[in-house]
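Have a look at these structures, which come just after this line.
Each of the next two complexes has subunit A plus one more chain, namely subunit B in the first and subunit C in the second.
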Partner chain A sequence: MRLEYALLAGVLYGMFYALAAVGLNLVFGVLRVVNLAHGDWIVLGSFLAWELYSTFHLNVLFSAVVALPLGMAAGFILYWVLAPRLGRSEDPEMTSFVLFFGISQIIEALATFGFGNNQRSLLPNALVAAPLRLGGQVYPGVLVASAVASVPLLLALYLYLYRSHAGAATRAVMANPAEAAAVGINVRKISALTFGIGTAAAVAAGAFSIFVEGGTSPSQGVALTTVAFAVIVIGSLGNVAGTVLGGLVYGIADQMTATFASSWANLVPYLILILVMLARPSGLLGRATRDA
Partner chain B sequence: MPDAVVGVVAVLAFALAPSFYGNELLLLNMALYVVLAQGINVVYGFAGYLPFGYVGFFGAGAYGASLSVRYLHVPAPLAVILGGVAGALTGTVLLPLLRLAGPYFAITSLAAAEAIYAVVANPTLDFVTQGTSGTDLASIYNSAESYAAAVCLVGATVAVVVLLRWGNFGLALRAIRSNYLAALCAGIDVVRARRIAWIVSATIAGLAGAIFAWAIATFYASAVFDLSVSVFAIVFALFGGVGTTAGPIVGAVLLYGLYSAIGITAPSSFELVYGILIVVLVLFVPRGLSGLWHGFLQQFRPTKGQLGGGGGPSTGRLFMASGQPSEARMEGGEEILRVENLSRNFGALRAVDGVSFALARGEILGLVGPNGSGKTTVINLLSGVYQPSGGSVVLGGKNVAHLKCHHLVRMGIARTFQIPQPLASLTAAENVALASRHGRPGPMAIADPIAAVGLASQRDTAAKDLNASQQKRLDLARALATGPDVLLVDEMGAGLSPAELDDLAALLRDLAKQGIALVVVEHLMGFLAQVTDHVVVLDAGQEIYRGSLGDAVKDEQVIKVFLGA
Partner chain C sequence: MKRSGLISATAALSVLAAACGSTTGGTAPTGGKAPAQITVGTLYSSSGSFATSSMPEYAGLKFWVKQENAKGGAYVGAFHKRIPLKLVALNDQSNPETAATLYSQLITQDKVNILVADFGSVLTAPAVTIAQEHHQLLFDVSGSGTTFFSASNPYVVLTSLPTSGVWPTPLVKFLVSKKIKRVAMIYDSNDFDASQAATIRKGLAAQHITPVFDQAVPTSTTSYTTLINNIAATNPQAVLELGYPNNDIAFLQALGSMGRHFPLTFTAFPGQLHALLESNVGAANLSYVYSYGFPPQLAYNSPNAGLGTAAFVKQFGATTTGPVNFLDIAGYNAGVVVGAALRHATSLSQLSLKQALVSQSGKLQTIEGSFKIQSDGAQIGERLPVSQMFPSSNGTTIKLVYPSSSANASARYPAP
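Take a look at the complex of A and B:
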């Protein structure tokens, strides 16, 4: 019984983690940048949901939708401010890594000024109060809702990438920016768009993270970034479809440990990340990536 | 040396500071951050790895010290040393991480530190580690002695950095950062050099953690594994400027001072300040304070550097054959290299398919073929850049087919690159000195390789400021400096002027007269004809012709692959 619970809960967590990580993977694929501020965008999404519910009693699902244009705009602006300077550096990969670390610190500090350092949480009825009974097990309704809400967002992203012209251009830039530019694709525009979409996905995931993570606080960002990185590494860097697999593997491993060796649960994301990086740096679905 | 002065000043300042300023714990923390920033300097500034999980070594040192006090009842100074050992051991366990590069390394090292923390602070292990309940070190607590130890550690760490900056090992590390492939082919054992820097840096952090534990009567795992320790050390080092001696010291003192002034009471204000600082540093001041300082000094210096060097045209003969009588080292005839059935697959593609040839001392073999015929792959296989899929390479009687580049260089196989690979941030003289130090032991056939390739007036010019033709020549000088028996020359002729080509041909002939065996890959047949008449023609990885260059151009199959059917 505990095994079944852990497995199904792992799948539910996994869908959420896939949404939480997919933006990081998109941005990595197009810009070859590990966006260390990714987790901080998730935290900001949580605060958005918290404020909208506490002030206007708006359901968290609504916040997840509002998060999309807001995150998109924020990502767009950030990209246009930073991008012109990134390309000039001697070691752009490392430079941008450190740069985004600085941005992460700024977001965290501003979030602390704005919302205080205490953990904030919401009661389940901010999303859905009723728990789900399945096969004699009771699953928190908020967990089920977070997982279910992640599916259409991930699906929309998949359709965008594989069924639209902009998506095809995005995949071309992922494969080879120079050649993409040579066939007339505006690489800067695609990059800005991708950065916006990646940020939007993170902010939207934040609306659910406040339940899945049991609350939110400004200092959570680094841990969320690490988890998201573990997820995309498992599923292969730059492979967006792989993120879902990565999320599921991570979610199930996490729930298994939480169920059968709860005091070691903290170790799981880090151990998985290290093992995958050392044993199979290209991820479970990966071909060898360039530059990686 | 000004660097040593910097170290002495830092140690004296920290030693005297308690007489002027009462808050000794603040001074201790500042001294330890100087140490940690220098540790980051060693592993990032010199070896190119940015460990976000650097705090893991600090924590390991703190627990190494406290556990050895608790279970081995050692006196405090020995506990500090054992803390350093704990840091070194942790570094040894994490050596596989060095296979990763850039951001992947940075994040994975962070995960490693968090994993160590999750073990040390695990409730089920608390009876051993006291990670959550707090480690009581009142029995050895001594603020004056622990502070003295911290001051000593500052001195020792600065000494290590000075050695790294000015020693041979430091030059090797700079070469690796500058151009990995070129460093490898100059004979540097890249993996070993990076491992040493990593372990040294881990030991430094372990010692710092141990001293911190000693200076604090009670500490918790959450404090000594706090990610902000890594972050501070990294930001301090970047702010001051990595790769220098004074930079990380100045960075740590200024920023930790700022943190003490505003950060302890309002940590998020400080977080905002250093977040902005990082962004400004990365975007506008990538070399930190030391970069600004050198830029400032530069304005007052006469532009001496630009007179001697630069990419301008050189005068006189470009490639100079040595003036010695050619018979001096003539050892022609003795076989030195035998290649049999050499093959290399890339997936389904058989890039080199059973190539065989033998080479005697003083012999020059031309390797010819259309694009994609496998010429450069042969060079990469012979020089150890690629590993062969099959076949043997026998050098002086020993099969060396599966040795790595730096081993082969030490055994006497050197190469140049089709696209020049300068160690960009090093001067021409340093490029060559490095190669002669790491190359084959024993005397060089060419006493002054830089002069031999016509770069005598560019000795002190940074390799990145040389023009393309000069960089090609520097490649050759570096290869000669390793003292090769076999020299692999990969399309050096492309892009050289006719006069330069004539000089290069004379130099290559002269090298052969001195007993060096040469493999020359070339498209320029006129140039090749000046160098040798003995060629092997490749097509699709296989030999299709062997014999004189003169007859090759009459051979039907050769004509077919070059001109089409």
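Take a look at the complex of A and C:
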């Protein structure tokens, strides 16, 4: 029964991790930068959920919905502030690395000013109070709800990428920005849109992170960025389905380790990451590319 | 003379200084001129996972410095007068690597007279070796890991709590008194928690009890769902979770959200940070949870140095918005112990400060009770009773339930 429980819990955690990581993957796919502030956006989403529930008693699902336009707007603004400067840089990738690290620190500092250092968490009734009883096992209702709520958000992203003109343009930019520009795609506009969507997904994930991570604090961002990065590397960079698979692999590995070798829980998911890198450098769903 | 003569003289002086035990720490020569100020160096974490605990300790220490300076400074026995205190505090952001750099900076650049560690074992660990290397006495506030203290290192003294290995001694006796045979234990894989777990394991083994669940988890653990399920499968009578505040919050949150209920649930920090735990996990999830008992619930109102519990709660409480917690007291108590060292030392040399505290061991009574240290600097004077959270009209109230000598309520076991 321990195995079955760990498997199902791993799937539930994995769906959340996929949502938490998908924005990072999109941004990397289009802009070719690792957003080191990604986890801090998730933290801000958690504080948004905490504030809306504590002040107005609004269910966290509502916060997740509100997070989408707010995150999108924040992402747009940040992109238009940063992009011209990055474009003028001699080494945009390294500059972006440093830049996003700085943004991460600023968000953490602002969150500390706004909310203090202490851990903040919400009681389950802010989302779903009752646990799920299944096959004689008990799963936290908040974990189930977080996983279930991740599905439509991930599905919407998938449909956007594969069933819309903007999504097709986004995939074209992911594949080759120069060629995409050559066929008339406005790369900057698509990049801005992607950065907005990526940020929105992160902030929305934050609404659930406050439950899945047992609370939130301003310093949690770095750890969340690390998990998200592992998930997208395992799955494959620039691929939503890969991110879902990466999330599931990470979640199941994490919970299996917690069950059978708990003191190694920090290590095993990253061992899997290294193994995947060695066996399939482009990730589990990545395609090998050949430059002509 | 003479360049070679000058070099020889310098070399001779250097050798002499080394032979006399010269240190890189801020020391003053015995019998020399009194310094204009005593520099107290410490670290704090304004961010990161230890900020919750570090900032109250820092606030308590600052309060002590302010109180002493209002009297003209700390009384320094070697000079028979009060000397103003200067507090140099650097922010390690909960990062042990940053802390290591900053501890070195305090010793070598700021040349502090007194070195006070940041909160807890993780942030104290780098200071122990650095202080020893520089022959600087480390006032360890709450880093109670047992490995910090050894006969070969005279440069550390634990000011506040007994070493963590001693903490659970009354808890084990309590479990035995309740005839509990099925104990599940989950602990963080750091020295602070692992040494508690080792004591519990040993204490239970003496009663021929083997824990039905005994696992370590990384200190960064926040998801306890699967672990709790695995614990529940062993049908325990008592579940002991040994971690830091963030672990306790995540553990109790998960327990509540799964609707799990054990006859006895123990976590380490509700007794220290009661308000924080209650605001995060709710009164319902905290009700009947057991913890260690700490001041201010454990009151010492007749100290022979510094303020007593009631006076501190009143005076310090007026300077802060939240309720006074144990960590505020621990920071203040560190100051009181520093004050005792300065008062009784024959010089400001680091070993003289240590010797002064050894001489005061068993005599010094502070807001945390009897200050009693071993020769290796480990604190043994205090025992942490077992406490339990009881529902009350405004949340929960901490009561001491074991041992009977310090109890002010009867334990509810099994928990309703």
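Quick note on the criterion: the second predicted complex is superposed on the first by the 274 of 292 C-alpha atoms of A that agree within 3 Å, B and C clash if a C-alpha of one lies under 4 Å from a C-alpha of the other, contacts with A are read in each partner's own complex, and residues count from 1 in each chain.
In the analysis below, contacts are C-beta pairs under 8 Å (C-beta built on N, C-alpha and C of every residue); 3 or more make two chains touch, one makes a residue touch a chain.
In this text, all values refer to a predicted model and were calculated from it rather than measured experimentally.
Novice: Using the superposition on subunit A, decide if subunit B and subunit C clash or fit.
Specialist: clash
Novice: Look at A:189 in the shared chain and tell me whether it touches subunit B only, subunit C only, both, or neither; answer first, second, both or neither.
Specialist: Neither subunit B nor subunit C is touched by A:189.
Novice: When the two structures are overlaid on chain A, which partner does A:280 contact: first (subunit B), second (subunit C), both, or neither?
Specialist: In the superposition, A:280 touches no partner, neither subunit B nor subunit C.
Novice: Where does A:117 make contact in the superposed view: on subunit B (first), on subunit C (second), on both, or on neither?
Specialist: It touches subunit B and subunit C both.
Novice: Look at A:270 in the shared chain and tell me whether it touches subunit B only, subunit C only, both, or neither; answer first, second, both or neither.
Specialist: Only subunit B; A:270 stays clear of subunit C.
Novice: Name the contact category of A:141: first (subunit B only), second (subunit C only), both, or neither.
Specialist: second
Novice: Touching A:254, do we find subunit B (first), subunit C (second), both, or neither?
Specialist: Only subunit C is touched by A:254; subunit B is not.
Novice: For A:108, select first, second, both or neither according to whether it touches subunit B, subunit C, the two together, or no partner.
Specialist: In the superposed model, A:108 contacts both subunit B and subunit C.
Novice: With both complexes superposed on chain A, which partner does A:95 reach: first (subunit B), second (subunit C), both or neither?
Specialist: So A:95 only meets subunit B here.
Novice: Check whether A:229 is in contact with subunit B, with subunit C, with both or with neither, and answer first, second, both or neither.
Specialist: In the superposition, A:229 contacts subunit B only.
Novice: Please write out, lowest number first, the residues of subunit A touched by both subunit B and subunit C across the two complexes.
Specialist: On subunit A, the residues that contact subunit B in one structure and subunit C in the other are 108-109, 112, 117, 218, 263, 266.
Novice: Please give the residue numbers of subunit C that touch subunit A in the complex, ascending.
Specialist: Listed in rising order, the residues are 45-49, 51-52, 55, 94, 186, 189, 215-218, 220-227, 229-230, 233, 245-246, 249-251, 253-254, 256-260, 276, 280-282, 285.
Novice: How about subunit A: which of its residues touch subunit C in the complex?
Specialist: 1-2, 5-6, 9, 13, 108-109, 112, 117-121, 123-124, 130-131, 137-143, 211-215, 217-219, 223, 254-255, 258-259, 262-263, 265-266
Novice: Give the list of subunit A residues in touch with subunit B in this complex.
Specialist: Result: residues 34, 82, 85, 89-91, 93-95, 97-99, 101-110, 112-113, 117, 218, 222, 226, 229-230, 263-264, 266-267, 269-271, 273-274, 277-278, 281, 292 of subunit A touch subunit B.
Novice: Under the touch definition given earlier, write down the residues of subunit B that touch subunit A in their complex.
Specialist: Per the stated touch rule, the residues are 50, 96-97, 99-100, 102-104, 106-108, 110-112, 114-115, 118-119, 122-124, 227, 231, 234, 238, 268-269, 271-272, 274-279, 281-283, 286.
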